[in-house]
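As structure tokens, here come the structures.
Each of the next two complexes has chain A plus one other chain: chain B in the first, chain C in the second.
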Partner chain A sequence: MPITRINIGPVHPSTHGVLRLVVDIDGDTVKNVEPHIGMLHRGVEKLVETRMYMQSPPYMEKLDYISPLSYDEAYVAAVEAALGVEVKERAQYVRLIQLELQRIASHLFFIGTLCNDLGQMFTTFMWAFEDRDKVLYLLQEATGSRMFYVNMRLGGVVRDLPPDFAEHALNFLDYLDKRLKEYESFIEKNPVFMERMKGVGVLSRADAIDLGVTGHVLRASGISYDVRKDKPYYVYEKLNFNVKTQQGGDNFARYKLRMEEIRESARLIRRALNTIPEGDALGMPIRLIGPSAKNKISMVSRELPRGEALMYLVADPQRPYRLSIRSPCFINLAALGHLTSDVRLADLFAIMGSLDLVVACVDR
Partner chain B sequence: MVETDHDSKEFVNARHEMDALVAASMKKYEAKPNVAFSKLSELVKSMSLSKKLVGWSRKNSLWPLQFGLACCAIELMDFGAARIDAERKGYLLFRPTPRQCDVMLVAGWVTKSMVPEIKRLYEQMSEPRYVIAFGECATCGGPWWESYNIIRGIDQVLPVDVYVAGCPPRPENLFAALMKLQDKIGGKIED
Partner chain C sequence: MKIDRENLQRKVAELKKAGYTYLVKITAVDYSTNVQAVYILRNIPKSEDVTIEIDLGNDDLWLPTLIDHYRAADWYEREMSEMFGIEIRGRVARRLLLEKWDGVDPPLRKNFQWNAPYKST
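Let's look at the complex of A and B:
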């Protein structure tokens, strides 16, 4: 059969954003996938150079709108490293709790949209969004806004945790434990789901290293690498963070790994809430950022829900001279062509869903 | 389900009381019993009935286009999920093809490379079609108004019916905007 070239996107329900794929198909078999990116490019790295240090976090949050707080924190950490600001101890706990809550919200979103991409499980989408909303309410309680929090300041946070927060969060985590069991029994007993997830889109250990993928794609191929463990920041080491891995390397392993990661995050939040020290967590006022930062360079790597992000910052007195972002989604998108060679066309969307790309993060 | 006993003593008493109240108030304002009906029929006669009927049916079955650009699309998905049941107000399922849709929600920043695509989607929708600029980026460029690759608001390209402020607007906000659009289609709000 002759090879046909078809165009998917840029507006397509399964691409999670504005991504255009040019796919060569032979019958129903995918021969080549060519992603065309840049439909959401808005020049964040250039815009940041014209903004004061603490005007930039809102821009950073819009890089990855499913887990905004993580990018916010990564940027602020880069500025802190350049200016030599220490983070207060209680603030470290507060940041960790909020980051892990954000990770849970992001992973729930992943599970919901993945099942939606597979086409027949709208129920999971509804469930996952309901539970994600509960996390967003918790974060709203802590930071005052629903989606873009901008809660990080140099050396601390903008708002400390409210008095009832621990109780509400622990209640939610108990609820989530039960809920995750329900998800698993509901999803994994579905033969269609298992058929489309198990053994599809297999990425071997060697290929994962060669392609340089990060985050859940890497750990699902059996490689135990997590920035929270290997280059620990904040109190992750103190709270005994364990890296979760899966051996399969297929779609199912990536899904299963995220389920495990939700549990691990919940465990971390519980421990952090129980051991959080008293004290001051508020960050320093913005006006105190002085001219001490000339020509200082910092490079900070953080484990976002989608993988390792690297922030390279060259500091100037008032604003970043240069900010370069290594986005995990861009790296993981590079593996798409390898994963989708000789699969069925319908599996292309299952694989894309399991890679969990955010196109704004790819395009920047 | 609790069933009301229509013959019980309390119920009969309450009904008599209500009747007495209505009679008293009608006497007070000298209103005749059929005044509401006659006013309604006057209203219908004075305006074109078919126009009203078409507007009413149109506004109660709006099909939004499943189309998201950026962050606001996440709130759009939340709007379509369990918490807000928009179907009770006449917003049916999000459809992935523009040919079946009436409402286009532009949710996110509009880059220069997306403009032709959005125009094409809009042209594929059948008349009458409505556009909602959802969020700050689609309204005026939002935080990216200085960027070299962004157009400052979708209204430079398409006619916009309702603007929604917020970054991102909450799902409830979108619901309010859609009800505003209903009012506009039904003729309650002039253009």
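Let's look at the complex of A and C:
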């Protein structure tokens, strides 16, 4: 049969943003996929060069609208490294709690949209969004905002946790434990889901390293690398963080890994809430200055919900001279061509869903 | 570490043999008189990173490709190539992010007029 070239996107419900795929198919078999990106490119790296240091966190949050706080924190951490600012002890706990809550929200979003991409289970989508909303309420309680938080300041946070936050958060985590069991029994006993997840989109260990994939895609291929463990920041080491891995390397392994990561995040939040020290967590007021030296390079890695982000910041006294962002979605999308060679066309979206892309994060 | 671009492929092959099998990022910084390319490689079991810096000057901007060593280099090289106007030798570097953009200057270079009125070519 002759090769047919079809165009998917740029506006398509399963591409999770403005992403265009040019797909060569032979009958129902995908022969080649070429992603065309850049339609959501806003030039954030250039924009940052034209702003003072603490004017940029709101831009950073728009890079990944599913987990804005994580990008915000990664950028502020890079600025802190350039300025040599220490983060207060209580603030480290507050940040960790908020980051892990953000991770839970993001992973719930992933599970919901993945099931939606598979075309079968709108129920899971509604469930996951309902539970994600509960996390957003918690974050709203903590930061005052529902979607874009901008809660990081140099050395601390804008708002400390409110007095009854711990109780609300612990109640939610107990509820979530029960809920995750329901998800698993609902999803994993569904033959359609399993058929399209098990053994589909397999990425071997060697390929995962060679393609440079990151985050859950890397760990689902059996490689234990998590910035929270390997280059620990804040109190992750103190709270005894465990890296979760899966051996399968397929769609199911990526889904299962995220389920486990939600549980691990919940465990971390519980421990952090129980051991959080008293004291001051507030950061410095916004200062319109930078480091005293010119061209000071700081490199900061952070484990975002979607994988490792690396901020390569060349800092000047007035404003960033250059900020290079290593986006986790960018490199995971680059691996799509490899993952989808010789799969069925319908599985293309199952695989894309399991990569959990945010196109804003790809394009920057 | 700082090396010359002529030695890049040899050095990377050595590092890869020594366990630096994961490419984290390829990027560049324009220091006005000098464009510097930055390669970050990682040894995953030891969780060690190494940064390679290459000074390219301002006129003769080219780099050898690393696509034979790391498949991850593909998109990073394409991005760097169009954002900094660096020619990547040894491969076809098609455009990636700015496919339809008809501007002249590479946008992340310092002489790029980011606030100039748009002129259609």
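Everything below uses one rule, namely that the second predicted complex is superposed on the first by the 359 of 364 C-alpha atoms of A that agree within 3 Å, B and C clash if a C-alpha of one lies under 4 Å from a C-alpha of the other, contacts with A are read in each partner's own complex, and residues count from 1 in each chain.
To be clear about the criterion, a contact is a pair of C-beta atoms (placed from the backbone, for glycine too) under 8 Å apart; a residue touches a chain by one contact, two chains touch by 3 or more.
Since the model is a prediction, treat every value here as computed from it, not as a measurement.
Contact with neither chain B nor chain C is seen for A:Val243 once the two complexes are overlaid on the shared chain. With both structures placed on the common chain, the touch criterion links A:Leu273 to neither chain B nor chain C. In the superposition on chain A, A:Val202 makes contact with neither chain B nor chain C.
Contact with chain B, but none with chain C, is seen for A:Tyr65 once the two complexes are overlaid on the shared chain. In the superposed model, A:Thr50 makes contact with both chain B and chain C. Looking at the shared chain after the overlay, A:Leu345 reaches neither chain B nor chain C. In the superposed pair of complexes, A:Ile223 makes contact with chain C only, with no contact to chain B.
When the shared chain is aligned, chain C comes close enough to touch A:Leu211, but chain B does not. In the superposed model, A:Ile37 makes contact with chain C only, not with chain B. When the two complexes are superposed on chain A, the residues of chain A that touch both chain B and chain C are 38, 41, 43, 46, 50. Looking at the complex, you find that chain A touches chain B at residues 10-13, 17-18, 38-43, 46-47, 50, 58-59, 62, 65-66, 109, 112-113, 125-127, 129-130, 132-133, 146-148, 360.
Residues 21-25, 27-31, 38, 40, 44, 47, 51, 70-72, 74-76, 96-100, 107-108, 112, 114 of chain C are the ones that touch chain A when the two sit in their complex. Residue ranges on chain A touching chain C, taken from their complex, read 36-38, 41, 43, 45-46, 50, 209-212, 223, 225, 230-231, 295, 299, 308, 310, 312, 314, 321-322, 324, 326, 330-331, 334, 338, 363. Across the complex, chain B meets chain A through its residues 66-71, 73-75, 77-78, 81-83, 96, 108-109, 111, 113-114, 117, 121, 143-144, 146-150, 167-168, 170.
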